[in-house]
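Here chain A shows up in two complexes: once beside chain B, once beside chain C.
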Partner chain A sequence: MALHAPPKLERYADIPYEEKERLFQEVKADPRFPDYLYGCYECGICVAACPSARFYDFSPRKIAQTLAREDVELFFYQLNEDVWNCSQCFSCNRCPRGNSPGGLITIMREVAVRNGLRSAKEALEGYSRVIYKIMATGTQVSPDMIQADAFPDWGPVAKETADNLELWRKALPPETMHTTSTAWEVSEQTLTELYLIWHMTGVMDMIKEVDEGLHMILLDVMEELLEERGYALAE
Partner chain B sequence: MSIHAKQAEGPLGKERVFKRDPDLPLSEDIRDLVFELEAEGEWIVQRVPEPYVEVPRKDGRAKKVPLQHTWHHKSCGQCGHIPGYSTAIFWLHRKLGLEYDDPKDQTSCTGWNYYASATSNAAAQAAVAVRNFAAAYVTGFFPLIHCGTSYGHYKEVREELVKHPELRAQVREIMAKLGKPLVMPEEIVHYSEWVYAVRHEIAARKVYDCREIVVTVHPACHYYKLVQGDAIYDPDIYGGQRTAVVTAVAKALGAQVKDYSTWFDCCGFGFRHILVQRDFTRSFAVNRKIETMLEEAKPDVVLTHDTGCVTTLDKSQFAAQVHNKKVGVPVMSEAQFAALAMGAHPYRVCQLHWHAADYRPLLEKMGIDWKEKWQEFEEDLERIRRGEKDYLTWEDVDAEIPARHFLQVS
Partner chain C sequence: MASDVVLVIGGGPAGLEAARGAADLGAKVVLVEERDHLGGTPVFERYAALTHGFQDAEEVMNRLAQEVTTHPNVQVKLSTRVVGCTGSKGDFHVTLTKVSDGASETVHAGAIIVATGFQHFDPGRETQVYGYYEYPDVITLADAEAMLKARKFVRPSTGLPPERVCFIQCVGSRDRQIGNEYCSKVCCGIASKQAIEIRQQVPNCKVYIFYIDMRMYGYWENEIYWPAQEQYKVNYIKGIATEIIQKGDKLLVRGEDTTLGRPMEVLMDMVILSVGMEPSKGTREVARILGLKQNKYGFIEVPHEGVDPVATSVPGIFVAGAAAGPKDLDDSMSMAGAAAMKAVAAIRRAIAVASGG
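Entry: the complex of A and B
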């Protein structure tokens, strides 16, 4: 029995049940799934601890319950409508049952990305440059991301930092931190090894599912360094 | 909303100390399993180098924290956006005369992106972790992890690798292709555990009086919630009911740590939210943390021990002013605060000009002449601008206060 009134679920009525079931089974097949779900008391402790539950119509309890009850329809709804609201803070790990609703959400998100769901693409819109940064340079945020127009809500410090960036970076005593386009200096060999990891673990395929343009740019950048260092990619 | 003044003075009164039942069996110690796997030839365990300090964990066991010969696993958000955070950690090592390595053969843990976008998977995340561990291992220096998320994520990875032989096999194969051994450190150690371990040495070298400084502490979610058993809990701090890191350091420095009712709440960082959904981050940071702290404890400074928390709590305050929210308190890491108390330069070392909330009233209250210090820093910048210097160096900074040798190792 669905936990919610049908109108919410009707949004996805045209998706075949088998497809929803397939995605559910993919979540359940993740080796971490049994470590993250032991059933649910429905006590709501996770909700009380959850920052996203205070801001959105969102509940880690419902995620745990839905998965425990194997409610495939509601699962599919949550996979599209709920999982991207989670802050991944893991406050919900205080669950007395030993569940990790946040961990379950990590798995659900991975499945959403791997299957190129439209909702995942939408959630990651505007985020591609960050994925590019981490995958291509080995550090996630860089000093040159601080721009007045990107962070107007940070106040005058964003503009001041951007205006003085090169100089301020030179005025840092650790010699690894004189960089502006990466957080610190990452050696080329290190970066080569990181690229090989992305290729060997199927991450490049995941990127292709959610953002083809980004996938192409990343391939170009990676191929150049890998070839330079004697690795040929079997793509 | 406010809490009773007495409660705000000292978190959890003495009468509320709960003691672990000595007959209660301890939960499984993952370190035993890590060593078992080594005995079976599955991987190499990198030992914590001596000398180390043993500190108390939440689960009642002791954790070894290395004092020196540490390999600094830097944090993207710290180095990129709050560079005084990392610089202060290094500076503390230098002033205590402790050797460290600041490597270039290090990538981010990539956990921020993983928790934000899920554009990765368990095998990739584990491979990134053990690649960094192998890089540390070959130097002979032991990983000291600057970021709370890296620390929490690496502990997750450790559990996954221990529990799932097929994941271990996959990652071992990847490492073999990279020509590296599969290495697991004996302990996963966060820098704030190191600061906790050396807090009395820091306090002994303090040059500014902190007794009038009111501090509120935000404990970082990924430090003590993600994988819980081996976070530091000390019976002398909050009766052992909350993590002791940060608070123990502020107390050792003589500052007044005050409590507030939403201490358990997350800062609102959200990984994806801080970058592309900042309305959530700002609301949560201001409504549930900063405003509550100011109403209940009136802090001079908010101290925390993670990248995302400093960024969120500091940078979310500016826009909230237009909504007449109660904001306006500086936010920094306990490493920066400890360095300031030891006489570190607020700009050359702590790099406070990268912070958004006004930190000057705090410096004034500590007795630090920020105008004079800014003038000195401006002169440094001018020398670089004129090409007389390429960079500000450790030599420039070290020359200010002579390093004293670390005298006592227990």
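Entry: the complex of A and C
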């Protein structure tokens, strides 16, 4: 129960308390939770070590404190707002009590995504291109992502690079296999294994919760290769 | 003429341990206690578990008292007060009177150990904002001890178990306004220990501790503080309540949640004031009668505390336990052993000098 409701919590006043409590319990039920949260001194060493805290209104200490105090209202606010300001660098693991505020945030993000929270969709919106790329090809960025409209600050260089991409790539060492749609050559076996991992670990389900369109596109891409290799996807 | 008697004043933990120690070293001991029983504040105030180690306080004290009362070298005088003292090191004449009929006698002692202890700060005296004498559900650590010992932890106003309890730390300690500028040393540990006991006895009760600093030195850290927070889910909130107001049948506690940076108004069923230590009435009186210097708070002054923690301003008179300032049980017992050793050495030296040796 919240000790006192500060004004910012009113943003989520229309969400029933039971729903906030349900999500709180889902975070607490994660098997990693007991290893990520013992007790909090409120000493601030995690904030001192945190790069995000220097630039955003973000405090890993408050994440640990809120969960330790079982403050469901503040938890729900953080689940929607604070967790997306973390860069997941885990500098906060310096905690003298052995807490991992960053690990708690990992769990909270997963719960936010699994439950399709609007805030999670919004936070991840800008990443759909990267998510598509890494999940479909196994590499995070590729040369063909260099387009003039995506890099206006590059000036004419971006267009020149895009127009003559094949040529530019040929100038690079052969280890890259001179690919343009991936950062390097990814074998079909690697892709097959990756696709199976995305499916079996629930990552595809998480994608479905936050971006249905992306989920459909990914399914199409994956289905073809997996069927070719003898794996049928149960839908 | 030098005396081979060690007079111990006070029958609490420090006095009992000093008496046992001096007697074991072969000295004759007279132990004087104003109350009609031994065991001191832990027994008189009906403490539950000891803060270091969780043993039953009464059992531990009774065992110690038993060893003292059955010791062939110890003479125990209950319901007896010290009213006068003349002489000096090796040769004190101390006048005692019976509380019941005023009958007096004189004890000839070579050395004296003062173990007259502390009393709990009276939260109604200065900090009326907490309404100790106003609201039945505002109690002190000592009140809570007695309830936990009886295993009947209930709201005094209703007789029913509470659902939300908070401790307010540093009541009567670390406060220039009140004049007690010192830390009472034990309240952080006791509150945390009681919080564990409350969670054990009333599992559905939420427990909060409002504090300025948690001072859990040494093993209190991992033996009391961490389990309270991690295992028993006691909520520690840095920030001290400014006042308590009755609201319906609840108590509204107002303060600041400093680390979350927000004002705080919370409803509680019970509030436990973590009262600190002050010199007991007996400590002030005995210090005056024996001519011992007291510090500005009334505790017996120990001129060279760091290197000689039991010597007072008067040669031949030693102090043990909380008469010399806030002490936990471990410190009181250690001081008592040191005082016994020093007192026995003092009488032997005085006797040797008197016999020309």
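Going forward, the second predicted complex is superposed on the first by the 208 of 235 C-alpha atoms of A that agree within 3 Å, B and C clash if a C-alpha of one lies under 4 Å from a C-alpha of the other, contacts with A are read in each partner's own complex, and residues count from 1 in each chain.
Quick note on the criterion: a residue touches a chain if its C-beta (ideal position, glycine included) is under 8 Å from a C-beta of that chain, and two chains touch if they have at least 3 such contacts.
Predicted model, so just to flag it, every value in this text is computed and none were measured.
Annotation: superposed three-chain arrangement on chain A; chain B versus chain C shows no clash, the two fitting side by side. When the two complexes are laid over each other on chain A, the CA centres of chain B and chain C sit 90 degrees apart as seen from the CA centre of chain A, to the nearest 10.
In the superposition on chain A, A:T176 contacts chain B only, with no contact to chain C. In the overlay built on the shared chain, the residue A:Y12 is in contact with neither chain B nor chain C. In the superposition on chain A, A:E70 makes contact with chain C only, not with chain B.
Among chain B and chain C, the chain that touches a larger number of residues in chain A is B.
By the touch criterion stated above, A:F33 is placed in contact with neither chain B nor chain C.
In the superposition on chain A, A:R61 makes contact with chain C only, not with chain B. Looking at the shared chain after the overlay, A:E42 reaches chain C, while chain B stays out of its contact range. In the superposition on chain A, A:Y231 contacts neither chain B nor chain C. Between chain B and chain C in the chain A overlay, the least Cα distance found is 17 Å. Per the touch definition, chain A reaches chain B in the complex via residues 30-32, 35, 49, 51-52, 54-56, 84, 87-91, 93-94, 106, 109-110, 112-114, 120, 123-127, 130-131, 134-135, 138-143, 145-146, 151, 153-155, 157, 160-161, 164, 167-178, 182-187, 189-191, 193-194, 196-198, 200-203, 206-207, 210. Contact residues of chain A toward chain C in the complex are 1, 3-4, 6, 38-40, 42, 61-62, 65-66, 68-70, 74, 97. Listed in rising order, the residues of chain B touching chain A in the complex are 74-81, 83, 86-87, 90-91, 102-108, 110, 112-124, 127-128, 131, 135, 152, 159-160, 163-164, 166-167, 170, 174, 177-178, 180, 221-222, 225-226, 228, 264-266, 268-273, 275-276, 278, 280, 282-284, 288, 315-316, 318-319, 348-349, 351, 353-356, 377, 380-381, 384-385, 390-394, 396-397.
Against chain A, the residues of chain C that register as touching in their complex are 206, 226, 229-230, 233, 235-238, 257, 259-260, 262-266.
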